[in-house]
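Next come two complexes built around chain A: one with chain B, the other with chain C.
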Partner chain A sequence: MGGSFVARRLGQAAITIVAIILINFVLFRLMPGSPERVILRGTPNVTPERIEALRERWGLNDPVFPDQLVAYITSTLTGDLGYSFIARGQTVVDVLAQRIWPTILLFGLGEMVAIALGLALGAYSGWRRGGPIDYLGNSVSLILYSTPYFLLGMGFLLVFASSIKWLPTFGMLTAGRVYGSPFEFLADLGAHLVLPLATVSLGLVGQYAIVMRSSIIETLSEDYVNTARAMGLSEGRILRHHALPNALLPTVTLIAINLGYVIAGAITVEVVFNWPGLGTLTVQALTARDYPVLQGVFLLLSVAVVLANLVADLVYGVLDPRVRT
Partner chain B sequence: MTAVRDRELPRQAVPGAPLLEVTDLRTYFSLDGATVRAVDGVSFRLEQGEALGIAGESGCGKTTTALSLVRLLPPNARIEEGSVRLYGIDLVEKSPNALRRYRWREISIVFQGAMNALNPVNTVGDQIAEPIIERLGLDRKAALQRAGELLELVGIPRKRADAFPHELSGGMRQRAMIAMALACDPAIVIGDEPTTALDVMVQAQILELLERLRRDLGLSLILITHDLSVIAETCDRVMVMYAGRVAEEGPVGEVFARPKHPYTQKLLAAFPNIHADRRTLEVIPGSPPDLRDPPPGCRFAPRCQFAMDVCRTDVPPEVTFGDGVRVACHLYPQGSDGVPITTPPDANGTPP
Partner chain C sequence: MRSPIRTRAARVLVALGLVLTAVLPVARLATASNHLILKTGTDQDLQVLNPFSSILVVDFEIFTLNYDLLLNFGQDLEPAPGFADSWSASDDGLTWTFHIRDGMKWSDGTPATSADALYTYQLVIDATAKSDASEDGYYLGAGYLEGYLTNAGIKSVSAPDASTLVVETEFANTLLLNAYVPILPRHIWESHTLDEIGSAEGSTPFLNEPPVVGTGPYQATEWQPGDHITFTRNPNYWGKQGAADQVVVQTFQAMDTAVQALKSGEIDYVRGIQPDQFTALQGDPNIQVVEGISNGFSEIAFNTYNRGPIEGGGASTTALQDPKFRDALAWAIDQQKLVDVTLGGFGEPGTTIVPPFHTRWHSPPDNPRSFDIAEANRRLDAAGYPRDASGNRLDKEGKVITLRVTWPDSEAEHATDAQFIKEWWSELGVGVDAFVTEEGKLLDDLLPPEGGGLANFDIELWGWVGDPDPTSLLNVLRGEEIGSFSDSFYDNPRYDELFLLQRAESDEATRFAQIKEMQNLTYDEAPYIILYYDAELHAYRTDRFGGWTNQPSDGGTPLFGYGSIGYTHLTDLSAVPAPTQEPGATAGPSAAPGGPDGGSTGSDSTPLILGIAALVVVIAGGLLVMRRRSATAASEEE
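Our next item is the complex of A and B:
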């Protein structure tokens, strides 16, 4: 991979992140309600003098441009995202740090399971096009693809919370439980993880399978695959060495682009299963108008999407020599 | 050049059999419930070291004939009848797995437009080495060594083995494709319009290369092209196909000097003259028949100015004459000795 290719992609990612920071700044200044009202919510006998003092202290009387913007950028870049309105005394960074790991665990694992299953199913279906696995896999994929996350999650809830009570459907750990060993802790976490993880992976697997299937079918009709057949290579070798490496290329892009939707889906899945991640945090912050936390979540998620696309670009560069220039 | 294989015949080879003998080959496609009779009774023979050119308008079944030899056909095609004997071994009878052993080792193909015939994510060196490793069982180091030699043989510097297809020009890619086709030292190399996608200068270079390889390596070659001058320069024999059948076949000198079949005559007249006197080109009026429902007699009859009643009802038998030319035309029945039974009234056409 050429150094200039990597440098260009890094540069693009940096520019995008700057744009995100600016949008984040503007967006929250357009939100309804003023910050002082939110802060003073529920406080009795608020005098205009008190409000004025607050506005002065929080810098809200300074001009938006450049003073507020400069202050915002400086603190963002130094990792100061302010204080949560709700969890008094806690910084936004602290709040995010607590909530990010459950989300990474659930969606990191969910993506991995979906990618492995979806690509394998799609590749096999396309290779054995018209066969029983293809027929079954394609129908299931289409159903899964068209089912929204919350419906899938509610379905699981319905079955597991009311009918069969094999698996926990609420939270990440059993509340108040004391663990005798790390193994007990992991077992409890694992049990809580099953249903949300199944929801996330199943929601994605259909889409990945469908894209991989059509990609492999297209690749199998390429001239170079015909050349490989003419060479008398075995079908397995043709699949592994010629069709798959080429068929993977479009799926890399899809998975990266998809990440935005996955994050949107995270909110619903987490809420359905009360998973203590960034999704539930977003809903809590939204209902409580906790603007600093919301701003922090937005910033974090947008940067995550940008970084995921950067990684996808670099992976694509490794897989496809044509873009490495 | 390192010898990579002893040119030993396959075990089942029939002693004394010709290199390749195709008999009454019929390959049909199913298309929306209809049957496309793309190749409908084609026979020909290729001797060791010989170059056979296959000519004819686009859609007459040249590619299908070539691909039928090693059954590299699309899924909707089937070989309905006929045999393809290589050293006397019938390849049509072989199971897919048994047939695989003959691909590339015995019969390799240079496809049209090497842009897409090469895998975009692999280096050309690796792609040339692949059949050497997979089919001849050499280790990677020896295979890459051999790939380098093959590249030099086709006029590409050895160090370009690390290049990806998109980094090479069209002509270079076609050279690499030829190197690939030679990788297993096959008995027969087929070129299916190997120069069509290239510009004229590069076409000439590639043809020169093929001629040189044929001379130096004693290749047996089947060259498919609609460019008759290429066949005239490169081949020993020419087979003219029309609508899935052989119209005329014979030594290049004979067929080009004294074309017998009216279609061959038209085809030669429709082509910028081989001997470079560029007279106005004739166009063959009409178009080839629909191969889902071809005319019952001679397939060329609807476009033939000499068509007789019998041409519209009976399929003309193939007759071979003393000069080694085989013709399927009612003007040349058995015993006519290559002289047409009625002299064509059209003085403008070359008298047969």
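Our next item is the complex of A and C:
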């Protein structure tokens, strides 16, 4: 039973990924302007012969279907995403690999902080509904939820970096700095991390708190909670052992989906703080029309969303055996 | 229930540790020292270290830090000693003899001799020959550098001894003294084939990755593509050394962030700021803003293609082929208004194709136009473009004139220009259909049949950027360039003749007269209407480095000009006691006694401690929440 559930979910995810690869292929062939002109952008004295040579070399003279499609799928499946137009001579895989770690670091930590704070705040304010923490927490959550990342980030930057100069303005490390010890390196990284991390986690904390709060309130009115009360269990024990595990279910979905969108949300935060991750890469690739890199980023993003959803489904299955049917 | 939470917390910490170790290799662990680092910020993203693939301003800036040109650009863009320290021409002007600096070394200690210069020039000559012979077209990298030698009519190079380089040219000229070709170390480059050097798309492209070996003042030692590149002082540099031990060129995606970083002192120099940011920085006592004149222009280019109709493409009216029609339209453009609105006042109205940046070659037009709608209407009437009953202008075929005006999406500011132009030309009865085109598609549309395209446009708004010599800007209106460089298809035999004459002219006064005639000719016939010469907006801090010197002195900028000279002028202000400590200047608590912040490692400690503290708080906070929860649970269970 459990096995078939997992197999079905895996199968669905695989089909979605294949569909994504196909859409990715079609999408970039609908872009205006011919690819050979993009490759030659900024190059003077382009003769028709050179364009023809390029078309031949990049396989653009082959029919789109099936030749180009087959070539695309084969190379994508073997991990060959082609060459970046702008980072001349570098493969897309190399370019993505350089940029994925800073994003994972920033948003991984940001998610953890947001989960810890958001769920704690949500659970507490739901449990003590109508109390001062609830009023305060709920309004703060709503404000944070509706504030765009870049606004929050720019505000932090103006106050803490530019005005009172406590923290660095941009980047992940101080460029050109030589570190005397690994500790100094970590300290430098930490200093650069504070503002973007605060932006990311505050941006996420609001929605986690709101969802957790309503989920807790709903659960607390369930029959089994009343039963637990009738059995004379302490309020704290009811919350932790009976209400919390059930109230976590909807938040698991939310968090899992958010994990997939982490990179997409990265764009504005990373641009504001010049964080060298996938977000700034996406902007660079967009402005420079680096289609191979964009294609790689899209693929990575969509696969991340699919995998996150898969994880959510599987975790849900563990948490709530009823869905395993 | 409790132990899983604990293990989860432990897992989180392990994951965190893993991520940190993944990032750790980036760190270069070494002994800390008092490095003086010059940090510059730019909106451009450095893309290559192979000079032949250079396209952007920042690409050129970076290769001239690494390498010397045979002759560098001086403070006022005059030829200055570079790889060669003296030079002379034969009496007939056909043979140039360069003396290569004695005892010069590459940054790795290998002697730098005429053999290296010979290797580099021969590489370019070979690539040009291959290009001429090749059926499918061949270019060395981006194809920008060959032109500096081919325009100078280079025929052959030789190196009779280690300190002499002899160059033979087909015609007498001085363009060789402005050749933007870096001299490369033969002992590094000769193991790579022409294809590896010239093609970034090949299987084994030569990327010239750090550490780079050159004779320039700074050598690239570390590169994080898309983020920054670090240069370290060349210990063997032959010239005057600048104060900076290292130079970092940082890319910014948001110029607002760059401006904040300049204000906080994290960077020393920024290129490419916006007018409002420029104005905002003007009040800062430690920041100097520079409004340089750019060596280039933005223009209206007309599709003047007159070699017969193009099936399925071409201009929508033959009127565009008529200089009188184009001239009349030019009378109906208020260029000052465009400067004020589009450029926020930073720039000046354009006139000829040689911008005032070229003080020696720019010549204001003999018959300047002004903004005068009535005059424009008179000229259209006189040129035979009558109005129909509803007031629309008709071309000579009796067709209503509606012009398609477009611009690339990469130059969004032209949308403003187009709106104004539409408004003004409507008073002439000339319709305008204004729309933006994706850059790649526009490049396609601009190709005439000679270049394999359909020249399917009427008017495009775009711009050009020039070199220290005006040749490359003059080149774009040559008839011979139809099919490659030319985007107006202007075809005037007198202009083409003058182009060749000025190129081969060694006498400055004669050459100026020729270039002046070219400017007048194209101003009057208006294949281009030069809308404006935009300003280069830069800003730098004055509290850490001194010696900032504009290049050229009149209207230039200290850095991101031509070559590395600006970097070698810089002096260290933190070495001398701060001259004036104005009390009210910075009200911040960091009024450290020893001068400006951010200079030495010591003053960095505040953000560091805060950073560690924040990290610790974050992690500890998370753990605390979990522990407290389990502790209370435990007490309840008792």
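FYI, the second predicted complex is superposed on the first by the 318 of 325 C-alpha atoms of A that agree within 3 Å, B and C clash if a C-alpha of one lies under 4 Å from a C-alpha of the other, contacts with A are read in each partner's own complex, and residues count from 1 in each chain.
Here, a residue touches a chain if its C-beta (ideal position, glycine included) is under 8 Å from a C-beta of that chain, and two chains touch if they have at least 3 such contacts.
Computed from a predicted model, the values in this text were never measured in an experiment.
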>> In the superposed model built on chain A, check whether chain B and chain C fit or clash.
In response: fit
> Who does A:234 touch here: chain B (first), chain C (second), both, or neither?
Replying inline: both
>> Under the stated touch criterion, which partner chain does A:223 make contact with: chain B (first), chain C (second), both, or neither?
In response: first
>> With both complexes superposed on chain A, which partner does A:253 reach: first (chain B), second (chain C), both or neither?
In response: neither
> Which chain makes contact with more of the residues of chain A, chain B or else chain C?
Replying inline: C
> Which partner does A:95 contact after superposing on A: first (chain B), second (chain C), both, neither?
Replying inline: second
> Once both structures sit on top of one another, what is the angle chain B-chain A-chain C taken between CA centres, to the nearest 10 degrees?
Replying inline: 160
>> Is A:68 touching anything from chain B or chain C once the two structures are fitted on A? First, second, both or neither.
In response: neither
>> One more residue to check, A:321. First (chain B), second (chain C), both or neither?
In response: first
>> In the overlaid three-chain picture, which partner chain does A:242 touch, first (chain B) or second (chain C), both, or neither?
In response: first
> By how many Å are the closest C-alpha atoms of chain B and chain C apart after the superposition?
Replying inline: 8
>> By the touch definition above, which chain A residues appear in both interfaces, chain B in one complex and chain C in the other?
In response: 234, 237, 241
>> Touching residues of chain A toward chain B in the complex: what are they?
In response: 222-224, 226-234, 237, 241-242, 245-246, 319-322
> Once bound in the complex, which stretches of chain B touch chain A?
Replying inline: 70, 72, 100-105, 108-109, 111, 113, 116-122, 130-131, 134-135, 164, 166, 180
> For chain A, which residues are in contact with chain C within the complex?
Replying inline: 31-35, 37-39, 41-53, 57, 83, 86-90, 95, 98-99, 101-102, 104-105, 108-109, 112-113, 116-117, 120, 154, 157-158, 161-162, 164-182, 184-194, 197, 234, 236-237, 240-241, 270-274, 276, 280-281, 283-284, 287-289
> Across the complex, what residues on chain C touch chain A?
Replying inline: 1, 12, 15-16, 19-20, 22-24, 26-33, 35, 37, 39, 45, 47-48, 50, 53, 55, 134-139, 142-144, 147, 200-201, 205, 207, 222, 224-228, 230, 246, 248, 250-254, 256-258, 260-261, 263-266, 410, 437-444, 451-452, 483-485, 588-590, 597, 604, 606-612, 614-615, 618, 621-622, 625, 629, 632-633, 636-637
